[in-house]
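The data blocks that follow each hold one structure.
Below are two complexes that have chain A in common, paired first with chain B and then with chain C.
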Partner chain A sequence: MSLGAYLARRTGGLLLVLLVTSFLVFGLLYLAPGSPLAFILGPRGGTPEQIAAVTAQYHLNDPFFVRYVAWLGDLLRGDLGYSIVYRQDVSDLIAGRVGTTLALVSMAALIIAVVGISAGTLAALRGGWTDQLTSSIAAIGLSTPSFVIGVALISVFAVGLGWFPTFGSGSGGLDTLVHLALPALALSVASAAYLARITRASVLEERGREHVQTATVRGLAPGYIVRHHVLRNSLVPIVTVLGLTIATLIAGAVVVENVFALDGLGSLLVRAILQRDFAVVQAVILVLVVAFVLVNAVVDVLYTFIDPRIALGSRK
Partner chain B sequence: MTDPLLRLDNVRAALRLRGGEQELLRGVSFTIGAGEALGLVGESGSGKSLTTRAITRMLDPAFRVTGDIAFEGASVPRMNAQALRRYRQRDVGMIFQDPRAHVNPVHRVGDFLTEALVRDRGVDRRDAERRAVELLDEVGVRTPEQRLRQYPHELSGGLLQRVMIASVLLAEPKLILADEPTTALDVTAQSDVMAILDEQRRARGLSLLFITHDLELAAACCDRLAVMYAGEIVEQGAHVYEAPRHPYTIELLGARPSIEHRVERLPVLRYDRAAHELLKAEAS
Partner chain C sequence: MTTPSTTSLAVARVARERRGAGLARAAGDRLGVVGCIAASVLLVIALAAAFAPVVAPYDPDYPDLLASLSGPSPAHLLGADALGRDILSRLIWGARITLAGPGLVILIATVVGTLLALLAAWRGGRIDTAISWLLDVLFAVPGIVFGLIAVAIWGPSLITVVCGLAIAYVPYVARVVRGAALRERNMPYVSAAWLQGQSATGITFTQILPNVQPIVVAQAVSSLGFAVIDLAAVSFLGLGVQPPTADLGLMVKSGFDSVLRGQPTEAIAAGTLIVLIVWCVTVIGDRLTSSARSMR
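After this line comes the complex of A and B, so read on.
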């Protein structure tokens, strides 16, 4: 399959997935009890006239399909809608927060890739107590929730030692990097542990291959054999897991963003759900779905570079 | 007396298991002179492949190896890591049974052919590729430049085995170990590949240890034959094919089907472990 045909098929699939998820999210929010009115009019509620005015303004009494189709029509015109809680365009809300989440997820992904792959490789090649130690640490990392790790990191490195700030996303550049170091670490521990396990298994399997014997019997340098023949061939499962992890990190950032009081997409989504802020929930979920499908498409294209036997779009 | 190229002296390999050891090579001794070809024949599991692994020190660490293997007088078991790598790089070349499994599928054929030259001999990449093209041409691969850019899965088994042979010849070793190099190939590719290996070896004056089930083939392209049974060499020499003396060899040669006479059933070998031990006890 050519790259063009593949991308066309992938885009079609993405649109279909978006349509289905947006319908589901819209429907579920519609069915859930509660209304955004409470947040708009304040805890004491408004007069019947105020309620009627707000309800009419935001079409809250229109039938489900009318509202859904209206929202879909706006979306097709590039309008993500208007947040009735923030009284702001949703696109502005998202634009203001996507940077924080992107920076957080990128940093976490980098930590996961570097720590996970090197720990897994080391465990597989060294064996013995290195392997035991890595496996034990991985088991602990996998079974500790990210908010526990986040709180522990804050109390040790931010409050105790004072090396890092306790909350906020900084003012850009290096400051952001320092602010996001602990959240990214908290976010990456479980996934790094998982990737280490996958890497270890994959490296062990590839190291036993016949072509590695060929390389050894030709007297090639051990380090070169590990890099060029073992690690290089272990990449398919590693890249698969890494891709899936990055895609889920975006949603998984919710907890960590809350622990570290970061103003990212995750905390925006949680608040919007609680406040029945339909337009915001829809838009954030659309962003998450697009990111998920995009990451997976990138992984699919990467496969064909990693293993020439895999054709684009094939089911191997 | 000058040293032969390769000398195996009472080589034993025992696999350490829970509750004891299982001895799989039980005192293998032979020599291969410069330019000489030795055919190693025997049933599956008789220790032929283990022997080549012992020669290249590729046996699993779970094996305890005793006896000596000397290459040009240097003891292979006693080599340090550096000497061992140098020995594997320059002195011995190994051709495996299944080229499909023994060539890394994710790198191009050109990379497989040139990596040893470029990495270990300091040959310029372009120069190494030029040499690879020449050698592919010599082993009968057409359009060699194009083959270098292809991946192993795009080549047939026979073609890939020629690539394997070319990769060994590129390293210019003194001894080639060929472990059933044609078994995994289809019949027409078998004779082509074997003819090329034999021709190239003779033209370059290289020594060969040829492992096979095919007694005729071994007799045709080797100076001497060695017959293995249960981890031992029961008979070896230039006479083996024409005038075998050991009962096992006689039976083995008698078990081959003939193209002239029709038989309903091939004979079953009656020589077994008990007969083997009895014979050994009588001899000593």
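After this line comes the complex of A and C, so read on.
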């Protein structure tokens, strides 16, 4: 299969999944008890103007499928609806907060990649006590929820030692980096532990291969062998897991942002759920799911570039 | 000289001893040393939680305002929370929900997922394609988001979150079981049962299911650890179990406010117990998974 055909097929499948998820997110409103109007406006009902506005926004006077198509059309034009709690366009609300979430997830991804890969490689190459210790720490890290780590970090480094701020996402630049350090750490622990495990197994497997023995016998420097013969070949499972992990970080950020009171998408979502601000809930969930699906798709395409042995589209 | 009768007696005795130790040995072989330790710890926690009314020293909801935010003392072994409720008692009661909630999530997900997987593996063709596609769509949504969606629609409560998360865990069970069932389906013993005239449902439940059972159990236990984390996280966000019910995720949240006032006992105790439970479950799950794989 040519690259063009492969990408076209992948994009087609991706669009189909996005279409289905958008339909499901749209349909959420109709799973709710009571009429959509009563659900959105809450138990107190609304003024006639509000009722008219909600009816227009959700096209409630049209048949079901027309409503969906109209909603999808609004979505594609960038109109995500109107928040009745914030009295603001949802797209503006999201645009103001997506940066924090993006910065948090990127920082966490960086920590996961660096710590996970180096710890896993170290454990595999050193063996013995280093391996035992790393594996035990990884097992505990894997069992610790991000919010527990977040509370512990705040307790020690913010309240106890006073090195880091407790809450908020800072005022930009270096200040934001300092504010996001603890949240990113809390978000990354479990995934870094998982990546370390995968890296260790992958490096161990690769190290026993014949081509590595050959390289050793030929007298190449150990460091060179590790970098060019072992790590390069064990990259496929590592990158797979790293990619999937970054996708799950998007959901994990929901919890961590609430621990550290960051003004990202996750805290917006939780507040919207508690305040029954349905337009915001729908839009944020849609953004999270689309981001999750997109990252997964990118990882899938990346395989073929990392490992030329994998034929296009043969791995699912 | 040994008479035949003493030999057969000895054989019988060995056989009897084997049978007596059989269950323990089977568990030991499958779990290993660390796995056995994890299983014992988990058993102790589960028993304490099950007999919470007897084991807990205090009523978990009784506020002793004079003891509010007091540290560990002979009267309150782990101290008291901001409302003066005994932390140890709340841990024991909280472990009930922290074990039962995720247990229910995994039970539902395992039953639904296994049935879907067996159906897909046996019927194949279009039904298999449709089920696999459904699982792919479910995979497209991160697990905890299902819990949040359920809460957004039906309001915050334990049952809502359990139902939402159960859907999220169905594809994880179904994908693994479908793979295993497909392998079994092509085995000669299945063809033999088919030739003997056994019905499709009969073969699925009396032949294939018992053979994929170790994989089902291993997958269920492994997923349980993640479900404990997810459910505790949702409760921590204030969207799951509602106060004043004792729940470990909720205790970390209420303990978090005390942390800021320099009294971290409640948060540390609840957090540690969550980690311990998840660690035990994960270790057991890992061991069961590798023993199920090696049996193949």
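Note that in this section the second predicted complex is superposed on the first by the 263 of 316 C-alpha atoms of A that agree within 3 Å, B and C clash if a C-alpha of one lies under 4 Å from a C-alpha of the other, contacts with A are read in each partner's own complex, and residues count from 1 in each chain.
Basically, a contact is a pair of C-beta atoms (placed from the backbone, for glycine too) under 8 Å apart; a residue touches a chain by one contact, two chains touch by 3 or more.
Please read all numbers here as calculations on a predicted model, not as lab measurements.
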| item | value |
| --- | --- |
| Chain C versus chain B on the shared chain A, clash or fit after superposition | fit |
| Chain B versus chain C as contact partner of A:I306, first or second or both or neither | first |
| Contacts of A:L15 with chain B and chain C, given as first, second, both or neither | neither |
| Contacts of A:L28 with chain B and chain C, given as first, second, both or neither | second |
| Which superposed partner A:T166 touches (first chain B, second chain C, both, neither) | second |
| Between chain B and chain C, more extensive residue contact with chain A | C |
| Touching partner for A:L177 - first (chain B), second (chain C), both, neither | neither |
| Vertex chain A, arms to chain B and chain C (CA centres, degrees, nearest 10) | 80 |
| Which superposed partner A:T214 touches (first chain B, second chain C, both, neither) | first |
| Lowest inter-chain C-alpha distance for chain C and chain B in the superposed arrangement, angstrom | 20 |
| Chain C to chain A touching residues, read off their complex | 136-137, 140-145, 148-149, 151-154, 156, 225, 229, 232-233, 236-239, 249, 252, 255-256, 259-260, 262, 264, 267-268, 271, 274-275, 278-279, 282-283 |
| Chain B partner contacts - residues on chain A that touch it in the complex | 209-211, 213-221, 224, 228-229, 232-233, 306-309 |
| List of chain B residues in touch with chain A within their complex | 56, 58, 84-90, 92, 94, 96, 98, 101-107, 115-116, 119-120, 151, 153, 167, 171 |
| Touching residues (chain side chain A, partner chain C) in the complex | 17, 20-21, 24, 28, 31-33, 139-140, 142-148, 151-152, 154-155, 159, 166, 247-248, 250-252, 254-255, 258-259, 269-270, 272-274, 278, 281, 285, 288-289, 292-293, 296 |
